[in-house]
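All chains are identified by letter, namely A, B, C and D, in their written order; residue positions are counted from 1 within each chain.
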Amino acid sequence: MNKGLLTITKQRALTSHVMEITCEGPLTKKMTEPGQFLHLRIDATDDLLLRRPISICDVDQKQGQVKMLYRVEGKGTARLAEKLEGMDIDVLGPLGNGFPLEVTKEGETALLIGGGVGVPPLYYLSKQLKAKGVKVIHILGFQSEKDVFYKEEFTELGPTYVSTVDGSHGTKGFVTDVIHHEGLTFDTLYSCGPTPMLQALSTLYPDRRVFLSLEERMGCGIGACFACVCHVVGDETGTSYRKVCTDGPVFPVGEVVL
Amino acid sequence: MNRLAVHLPGLSMRNPIMPASGCFGFGKEYANYFDLEQLGAIAIKATTAEARFGNPTPRVAETTAGMLNAIGLQNPGLESVMTNELPWLERYDVPIVANVAGTEIDDYVATTAKLSTAKNVHAIELNISCPNVKQGGIAFGTIPHIAAELTREVKNVSKVPVYVKLSPNVSDIVEIARAVEEAGADGLSMINTLLGMRIDLRKKAPILSNGSGGLSGPAIKPVAIRMIHQVSQVVDIPIIGMGGIQTAEDVVEFMLAGASAVAIGTANFTDPLVCPTVIEQLPALLDELGIEKIEDLIGGSWRETCNVR
Amino acid sequence: MNRLAVHLPGLSMRNPIMPASGCFGFGKEYANYFDLEQLGAIAIKATTAEARFGNPTPRVAETTAGMLNAIGLQNPGLESVMTNELPWLERYDVPIVANVAGTEIDDYVATTAKLSTAKNVHAIELNISCPNVKQGGIAFGTIPHIAAELTREVKNVSKVPVYVKLSPNVSDIVEIARAVEEAGADGLSMINTLLGMRIDLRKKAPILSNGSGGLSGPAIKPVAIRMIHQVSQVVDIPIIGMGGIQTAEDVVEFMLAGASAVAIGTANFTDPLVCPTVIEQLPALLDELGIEKIEDLIGGSWRETCNVR
Amino acid sequence: MNKGLLTITKQRALTSHVMEITCEGPLTKKMTEPGQFLHLRIDATDDLLLRRPISICDVDQKQGQVKMLYRVEGKGTARLAEKLEGMDIDVLGPLGNGFPLEVTKEGETALLIGGGVGVPPLYYLSKQLKAKGVKVIHILGFQSEKDVFYKEEFTELGPTYVSTVDGSHGTKGFVTDVIHHEGLTFDTLYSCGPTPMLQALSTLYPDRRVFLSLEERMGCGIGACFACVCHVVGDETGTSYRKVCTDGPVFPVGEVVL
């Protein structure tokens, strides 16, 4: 049963809209797989009924601490941003299937591509890949210079490129422009971000070793409500499906319809 | 004596709590969180004759104190439910309420004929909120004589008692309730979701790709209580009450309104342990209210000779 | 140019915001909190031919994200409204929407005939959720031909445009909307409250002494949005939208659904300054959404040739 | 416009169910009339939509502080009890018509009778009467010894009798039993408490100088919604009314139907 309370130990703003929250609690012991998410009950009032899915960004197993980065988007994340140190959050998780580490061997190169709030789960992934002896390269895509976060943190782990839509920082354009520009190659590509980005990567590398993390509105988060399903590529019956919450959020390229 | 036990046609329940159809899948996921044998019964996801994928996503949206869903009755189809889902549930000694949906009367009949033969299916729950293809998509549950016809046909083939799950989106819930009772329903389930919509301000389009969806959660509880209070006074068949239940207090409120058992839907998403938690809290609440057996609560808000006053 | 202005039959409004009938009395109390001239219009409390005391208390109960009321149309009666309330409101340059209620068609006709002659009454709003005494207490608003007949008779005598306020407690809101449009309604108001109930666990009786009451507040917003979205696409008359509005975002959501103006009810109790606050916040929200004139939002969630996409 | 924020400076439990909350803010300046109430928006979440009416129990004009005593009854008061020092509460008030001081002359005797959470508003009243030279006598009615609060505070102002239903403290029975028992007399009687208590006092003293504070479920609290009306005694038309929120909560005996 992956359910428990986490206690907030720190909360700080990374940009005008993105917050970093650090929590501790026994549940962190189970948070070993990068790309998994936590399903947060922001508070106990009845006007926010659904939990919010947020990716695990980093775990410090020694301290028993987990970090999440989130964008203040609507009612739930706005209320989360008001929480103070010492307050508890009711959490389900870790949930879902994360990024597979075993497919990438020591000495191989992994390219990690994140867009916006798709960036956070790649951090824990990168740390684990690096620890294993994999060469990590990062491309982080943002709207604009003021939206950039965690560039230094990623740079400490490996070469890190940034693209911004308006060109105010790094390469102007999209993450795919960086790949071409810099002539980057990889053995495995791991990515998380907006659907158009994932679609572009699928088109570029339909037959390579590519893993994509999807986003979908969720109900239960544990596979019971069928809120988060997607179609399977090549399914003739039309009734095959995958659940983002339990089969994903990470899928190999070409498995599900984006 | 088990003071929480309730007795309804086909359903001998150790307590009045069951998860609501569509909010608990076929039980497997929640079995990771608690022992399903604690439940009074389990209402499984709507089953249709053929497998269905359902609607495009987004399929859920949050509303104030509620949520909208337009899952579109995704399910693996009758065959798979019979061969995979129901046998898996047999490991638990808990009666199953099999929710049945369709687009024509024949669908319901075919599905019920088979599902009602399953060993652990103790009752059928007819989801009559589905659009009726032959009537241009108007829900079966909004026209009394059609709801009655559906009930009658299904009763003809069912091996177990049939509960008709009423849609609240009607002018006169009593009229529908009476019609299905007369047509032979053994019980009622109420209420299904209210039809609602939310619009995304930035996309300038409904959030759900289906446009509208079903509103559930605490927001609709007062509507459910009102309808159960109205209907329970005029029918002689028991009611499984639902709509926004989250706490033991809510369960008592539904039973005082006239429900004989209850189902918990949306609250499972907020808290996967809500069903066992509510069950655990009931005895202390009964003590506080001076109630010996929970069945004594049924209809307590209107029953003249009620032994709970 | 006033980018917030909206234009409806009889109502030239400086902004789309009016307090909803029954939630603002006749304006006096809120005049202590802000200048009423900031409002787009004011819908005053339902007026009946004779003074009414209304229901016994308790008349209100809270629900999750909503409230129930069973005020019972307490009001000082037509004479007093004509001689006391309306003249007092003349000090403000703001159009009044006079809400009219009754128990027989003749009541509505008599009240409208007189109220619609008042200098500052620019529109009549027919509250058709009232029980129809001649039909055994069934609400006028649930039977299309009766709603139509009432509309027709009232239109015959009204000196100002008539808005019919629809009850959401119906199987088919489109059918009712079409019936009253055909009968000559100049506009629609939607939605009135949903019927609901809460039961006191300790007293084992409904909290409201009337038993059931009308559910309002954010809980019902998705139902209102859905109905306005449905109806606005099939009628040619404008809609005043209401049901749970609290913020500028809510106003935009209602207008995108198809409302041409909105009314704010329950939220006045939570915050007596809600109307001026929402009005103040609208321009910044329009900027953020890239909307020049607020009227461009109307029906934006479904209008094909909508200039806001 | 009686609307503003009060900041909580202290909160403490008086009994297992009754809390004392102290707040400060500029609004307190207007709180001069005992018997008036504040309409509290417990918090800004949408699941508690209605404000809660709570009587003013005491005001310290020098410190700019107001005290309220409340019983943890349901959802709203339970949530109020969780609020911490430093938090703000959105308040309408002071609202309503309080107890008339001017009717009682210097040297006269005032009998103040409170039942349960009807006790609090009598404290501010008693202080003001005493300051004016009125002799004050108090009768406080509770269920049981464990429910008794503010006995010392009242005793400092004048003779104070307690009744409990179960007889565990003071006189066994009701406040009216104390009147008879002790043979108490008065020039003015002021009372606040449950309706049966107010009815008993009305029956005892239909023609005396008696003022009763009523309770009713409220919507707006300012006279606009007609949630809180009561009938007028002797009204033949049946349509006359008084609003508890604005005409009351204090009425002279015999004015409204209890």
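Heads up, the rule we're going with is that contacts are C-beta pairs under 8 Å (C-beta built on N, C-alpha and C of every residue); 3 or more make two chains touch, one makes a residue touch a chain.
Which protein is which chain? UniProt says A, D = Dihydroorotate dehydrogenase B (NAD(+)), electron transfer subunit; B, C = Dihydroorotate dehydrogenase.
Just so you know, these numbers come straight off a predicted model, no measurement behind them.
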Those chains that touch chain D and also touch chain C (Dihydroorotate dehydrogenase) are A, B
Averaging over Cα atoms per chain, report the distance between chain A and chain D in Å. 56
Averaging over Cα atoms per chain, report the distance between chain B (Dihydroorotate dehydrogenase) and chain D in Å. 46
Would you kindly tell me how far, in whole Å, the mean C-alpha position of chain B (Dihydroorotate dehydrogenase) lies from that of chain A? 36
So chain A residues touching two or more other chains come to 46-47
Shared-interface residues of chain C (Dihydroorotate dehydrogenase) (touching two or more other chains) are 64-66, 218
Is the chain-to-chain touch network here best called a line, a ring, a star, complete, or other? complete
Footprint of chain C (Dihydroorotate dehydrogenase) on chain B (Dihydroorotate dehydrogenase) - complex, ascending: 63-66, 68, 142, 169-172, 194-199, 201-202, 204-206, 211-212, 215, 218-223, 225-226, 229, 244, 249, 252-253, 256-257, 289, 300-301, 306, 308-309
In the complex formed with chain B (Dihydroorotate dehydrogenase), which residues of chain D make contact? 46-47
Touching residues on chain B (Dihydroorotate dehydrogenase), where the partner in the complex is chain D: 64-65, 218
In their complex, what parts of chain A are in touch with chain B (Dihydroorotate dehydrogenase)? 1, 3, 41, 46-51, 75-76, 90, 92, 216-231, 237-239, 241, 246
Parts of chain B (Dihydroorotate dehydrogenase) lying in touch with chain A, wherever the complex brings them together: 22-25, 28-30, 32-34, 45, 51-54, 57-62, 64-67, 69, 71, 74, 76-77, 217-218, 246, 266, 268-273
